[in-house]
Amino acid sequence: MASDKQCVAMLLAGGQGTRLGVLTKEVAKPAVPFGGKYRIIDFTLSNTINSDIDTIGVLTQYQPFELNQYIGNGQPWDFDRLDGGAFVLPPYQTAKSGEWYKGTANAIYQNINFADRYNPEYVLILSGDHIYKMDYSKMLNSHIKNGADCTIAVLDVPIEQASRFGIMSADSNNRITEFEEKPKHPKSTKASMGIYIFTWAKLKEYLIKDEADKNSYNDFGKNIIPNMLRDGQKMYTYDFVGYWKDVGTISSLWEANMDLLDPQSGINLSDRRWIIYARNAAEPPHYVGANAKLFNSVVSEGGEIDGDIRNSIVSTGVVVEKGAVIKDSVLMPNCVIRKGAVVSHAIVGWNAEVGENCIIGEEQKGPINGEWKIAVVGPNVSIKKGDKVAAGEMIGAEGGK
Amino acid sequence: MNTKMMAILFASGNENKFNDLTIHRTTTSMPFAGRYRLVDFALSSFVNSGATRIGIITRNNYSSLMDHIRMGRDWDLNRKNSGIAVFPPFGLNTSKEMYKGKIEALHTILDFIEKAPEDYVILSNGNTAANIDYTKVLEKHIESGADLTILCHKAQCVNSSKRVIVGRDKKGFVNDLYSVEIPSQDLKLVSLGVYVVAKSILLEWVQQAYARGFVDFETDILFKEVKNGKLLAYEITEFAAIIDDVKTYYAESMKVLDYNIREQLFGGKNKIFTKVKDSVPTIYGDKAVVVNSLIADGCTINGTVINSILFRNVKVEDGVVIRDSIVMEDGTIMENSQLSHVITDKRVTVQSGRELKGLQTYPIVVVKNKVV
Amino acid sequence: MASDKQCVAMLLAGGQGTRLGVLTKEVAKPAVPFGGKYRIIDFTLSNTINSDIDTIGVLTQYQPFELNQYIGNGQPWDFDRLDGGAFVLPPYQTAKSGEWYKGTANAIYQNINFADRYNPEYVLILSGDHIYKMDYSKMLNSHIKNGADCTIAVLDVPIEQASRFGIMSADSNNRITEFEEKPKHPKSTKASMGIYIFTWAKLKEYLIKDEADKNSYNDFGKNIIPNMLRDGQKMYTYDFVGYWKDVGTISSLWEANMDLLDPQSGINLSDRRWIIYARNAAEPPHYVGANAKLFNSVVSEGGEIDGDIRNSIVSTGVVVEKGAVIKDSVLMPNCVIRKGAVVSHAIVGWNAEVGENCIIGEEQKGPINGEWKIAVVGPNVSIKKGDKVAAGEMIGAEGGK
Amino acid sequence: MNTKMMAILFASGNENKFNDLTIHRTTTSMPFAGRYRLVDFALSSFVNSGATRIGIITRNNYSSLMDHIRMGRDWDLNRKNSGIAVFPPFGLNTSKEMYKGKIEALHTILDFIEKAPEDYVILSNGNTAANIDYTKVLEKHIESGADLTILCHKAQCVNSSKRVIVGRDKKGFVNDLYSVEIPSQDLKLVSLGVYVVAKSILLEWVQQAYARGFVDFETDILFKEVKNGKLLAYEITEFAAIIDDVKTYYAESMKVLDYNIREQLFGGKNKIFTKVKDSVPTIYGDKAVVVNSLIADGCTINGTVINSILFRNVKVEDGVVIRDSIVMEDGTIMENSQLSHVITDKRVTVQSGRELKGLQTYPIVVVKNKVV
């Protein structure tokens, strides 16, 4: 029924994302707001369509409504195609069985029929919690040129960080010779970005084998990739150069937001040749009042800004009243910061309200063991007048504090 | 009788009074309030009131309007059974003559109106900016038993454009209707040129008037109907603007800097939709000073902006001072230049160190694509 | 984020639909082809949009891909709205739990959050396996006028059939006084069509109570409706007059197709004021060859017809070769009937092939105990040259016979 | 260099040779093969070959074309970054003059072509019907090192319209190019008026020719380029039709009754898309007799149809005999009437008992909306 597609993308939108705490209590990680007007998933969706891949399955078993509604008919990303488009795919039952996604490989396994409807030659496997701009069509060209069974996108990381990643060793032709998941003594600095292109027929073979193996974790990094390597399949690395950030923790999510304010960081969203699309909020321009001070900050539409804002991200529809001070912080959509409140090194969730004279977070000189102590006010939370949220503290909707 | 409405929008206007701001566009597609076109207010009001079958009667310069509207997707109007129908200035392909007045225009699309399943019609000029809930207007219209309801608001007639003044009795029915072209400071009840009328009545009026060679909907139909006592005046108490020259354009634009006006236009549950452009949020640099201004997405600001409106993707460089001005989309204001009471059209570049200074009552207009 | 909707529709697309046998082996029941160019679900989707309800959740846990792909961005039914649209909703996991749909009420219960995003006043509950045209907005007006908590669409059925349905007794104001599921001695002929409008706040209350009751079947007919009635909630019937057919069995599916050929049946698809939409197949007009005979039949696009066709439904892309005879049958999309084959009182599934001189089904005088003995060739099945499929026999893809 | 293509479609043609079939439309929007318009074949071929940025240059009568295309959704062309751009006959809003030839037309949209990221351009006339895989053409074009590739096919020049004849050497390069207007029965290699060319070369040729006041792309550019030996002839061996008068329209339409021709147009994996109309399947009644005919959706047939093409929603009543005819959308052929070698345009009604008879070489045309 559907016409054939050269390549279909499958986005592993993952589980609950517990490391983001209150932010992912009611939405899946890819739906978390980012950078003033985006959601995390906007980056992979935009990369995919900009790479001329017009069919993507978003695999999730956790809180799919927000994603379903956000993606909708796919129009904001140009995914409203006659044939193809963006689909949110929770688990389902077949005539024989039905089960939840056991691991990344099992999630793809359960959706073999989805991909097969488009009869693709290649499948692109993506993660939903990375901030980056990447032309997958170049990676696909490299995959085709190498006649590869599998191509893994890799990033050159500092050797001291290498043991946090899956590390590839490759020969001079980029053919992978060895793969180690989080090695203690890394042999290379080529870290897997969790972005794979597989020749679909080959991947299916391994998914089916993996599913039959009762001892398998059904995971790409732990099972599929090592198995293919052991069998001598043609596996290549593809070097990615540019900004890339995993935003799986509060600290890294905050850092990636701050990177938008740093022209040196390499994440330039203004490039009209590679637009990051987002669903539009139908808000008027933001208004800057008589008492506002804005310094090295990003402000999105619909805001009413009358406070002092420094080195911060102010999202759509945010209100910052007179006398409020926002420093090094991320204000998520439609939050309200009342008079005299001081917000520093903090993330304020969507629809949250920070009462008058509250003190949220405190000045941080730098990360401790790589982690910043960021204060987080959860979505829809109200912080009462004069209350304090300490550095690194997290306040959820159920009162908490 | 079903209580649904369709809408007819007249996308024409006083293009000759805009100092070249409308050389490339109809009044209806004039940029307004930082990210909108005037047409967005009409279309959004229609859609939010459930009127999704919309005919737009164009006159000249309609390609910028067409470009903005496309298939109406941004207003959720790309519909199979209703949506937007654009009627070009020529009724027939073979005809090269444009219609003369609203009566003739309506007559050329009688078929479109007649076939529509809706029983009521909104008729609207394209030169108004207001967020109108027509469901309330229709309720009042039906309840009153009026033939036609005229939307109006209290306003001064500050310029010398033609305005229609409405007189009404205690029950709200129109007992006087006349046009003025003389500026005045008095607050008067002014017609917005927006009407709600039953389809059957509209069709009959237009057929009768057309058969007699009449042209103007207001003078040839409405003025004469006053004596029958069945025209209702419906006063809009929220913000509503009629924009028909540079002076009103500037004055009404600046009003949007007022919080209450913004609330009336944008604050309710009925949103104003516009063409989506996928801009990035605005970036404020180390030297930005911004006071009492409306700033759209995609700007980069490193200078001073006071009491002004910046549309999308405007660049304000170091040392620039912009006061009491409107800078439209893609404007670039280069280092150390100064603007005061200026309106720059789309893609204008003001070069380094230049100074442009207009008056409150006579703002300077810089035309599209100019480098000054 | 979403704007409020007066009414949101929830379509219970159901389970496997085992009574349709091989036809629902690989697709959910609502996705089964009907009437030449439609799928069963087209009727409810079209009714919904034609009733000015632009948001619908399609609840299924069985084979969602076909439905996902068929519905796509919703454009063919005008569901590609900025806000709202059509969503396929399999089960999902929350922070606390995750489980398969236990019953019709549980399916809605699990999707309370979906509806809540649109903050509806009313919810319309639909089934996915009925063929009918109905303006739900009139039913909604009646619900509002009555100030009802629940309105149930009812059909007047012959008294001898009444014991197959849920039967309502109502007073002169249509207020329901009694409800019996499949009563032996029906007290009324008002049969429930499985179409409900609930005031959402009230339904939520009962769904939550029902979920807490461990002994409940979590079913509308068995639990929710009787419970509400017992509590004296304001429940009304809404009389539907017109063609309505449950196509849950092979016999009734065949009958409903045949009804399209009978101008007296009351199902008129040509009415341009109530269009039944379907996803378009991009096929050219059908071609009728030199040897074709067509009598009282319906033929869709893309076909190549050179045989003798009587009282039959010929779907999109069907090939009927010279000398083949098709009587009182349904040929589903893209099936091929080879030379000399005789097909009578049969359904031939999509992409199936009936070889030369095969005999499929046989002439039936009428139904036996209400059931027609219809021969069924499953989707993608090939019947070898000269083979026979008996009346009432069903052939699946795994050979079977 | 990227190997992607954009496309420019010239929606013009010999409107004066169609006996009123084109009074309401351009040749490009002529109905063809039961449910299509000619433009569907061009647009579908572009899209199927990955050319999703398409400029359509219109001349006159373009509103039926616009109505058909809308935003291109039915061809999957409602795209954010590419899709369909329609250029109206006037380059500038202020100008009222139409362009004179393809060179001037291309010159007015140089900016559009230049800004596009694609490196190759398909130029196509709007009067052809063929299902073309341009990816194969481009492959050959690049491999050969040609400046421009001319798509052509072997055909007779049966009518007196202008046709360009292509001579080629053993390697397939064009060594002769000339136009004829004299009918002939010989099979010749005829240009389809469809070209593939590198963007950089096209831009240079157009700029050079425009600067010298040249008008016609074929005679002023291509004919002169023959001597440089870098024009490649690419022969289409599948069905391709050039339609430029009633005679060719009728003859090429009837060819589609041939199974092999249908296979070449519709049988492959590249589908031809068209505007979706949500018709019901066709209903054959008790008295239908249909032989060797192409029948679109939505028809109701109770009479005899032989060697004919029925478009959508045609009604054929009892006792009717239609032979060797084409009945376009919404036609009603009432009881006992007889048609032979007739083309009826959209919404024609033939009343009971009427007989219309044309000739193979001179089919009768009944114009749109007529009741005869």
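When the chains are written out, they are named A, B, C and D in that same order, and each has its own residue count from 1.
Just so it is clear, a residue touches a chain if its C-beta (ideal position, glycine included) is under 8 Å from a C-beta of that chain, and two chains touch if they have at least 3 such contacts.
For clarity, every value in this text was computed on a predicted model and none was experimentally measured.
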Relative to chain D, chain with the most remote C-alpha centre: A
Pair joined by the larger number of C-beta contacts - A-D, C-D: C-D
Intercentroid distance (Cα basis), chain C paired with chain B, Å: 47
CA centroid of chain A to CA centroid of chain C, Å: 39
Overlap residues in chain A, where contacts from two or more other chains coincide: 75, 80-83, 275, 277
Where chain D touches two or more other chains at once, by residue number: 73, 78, 80, 271, 273, 278
In the complex with chain A, residue positions of chain B that touch it: 33-36, 73, 257, 259, 262, 265-266, 271-274, 276, 278, 280-286, 288-298, 301, 305, 309-311
Chain D to chain B touching residues, read off their complex: 23-24, 60-61, 63-64, 70-71, 73, 78, 80, 88, 93-94, 278
Complex interface listing, chain C residues touching chain D: 35-37, 75-76, 269-270, 275-278, 280, 282-290, 292-301, 304, 309, 314-315
List of chain A residues in touch with chain D within their complex: 3-4, 78, 80-83, 273, 275, 277
Touching residues on chain B, where the partner in the complex is chain C: 73-74, 76, 78-81, 117, 269, 271, 273
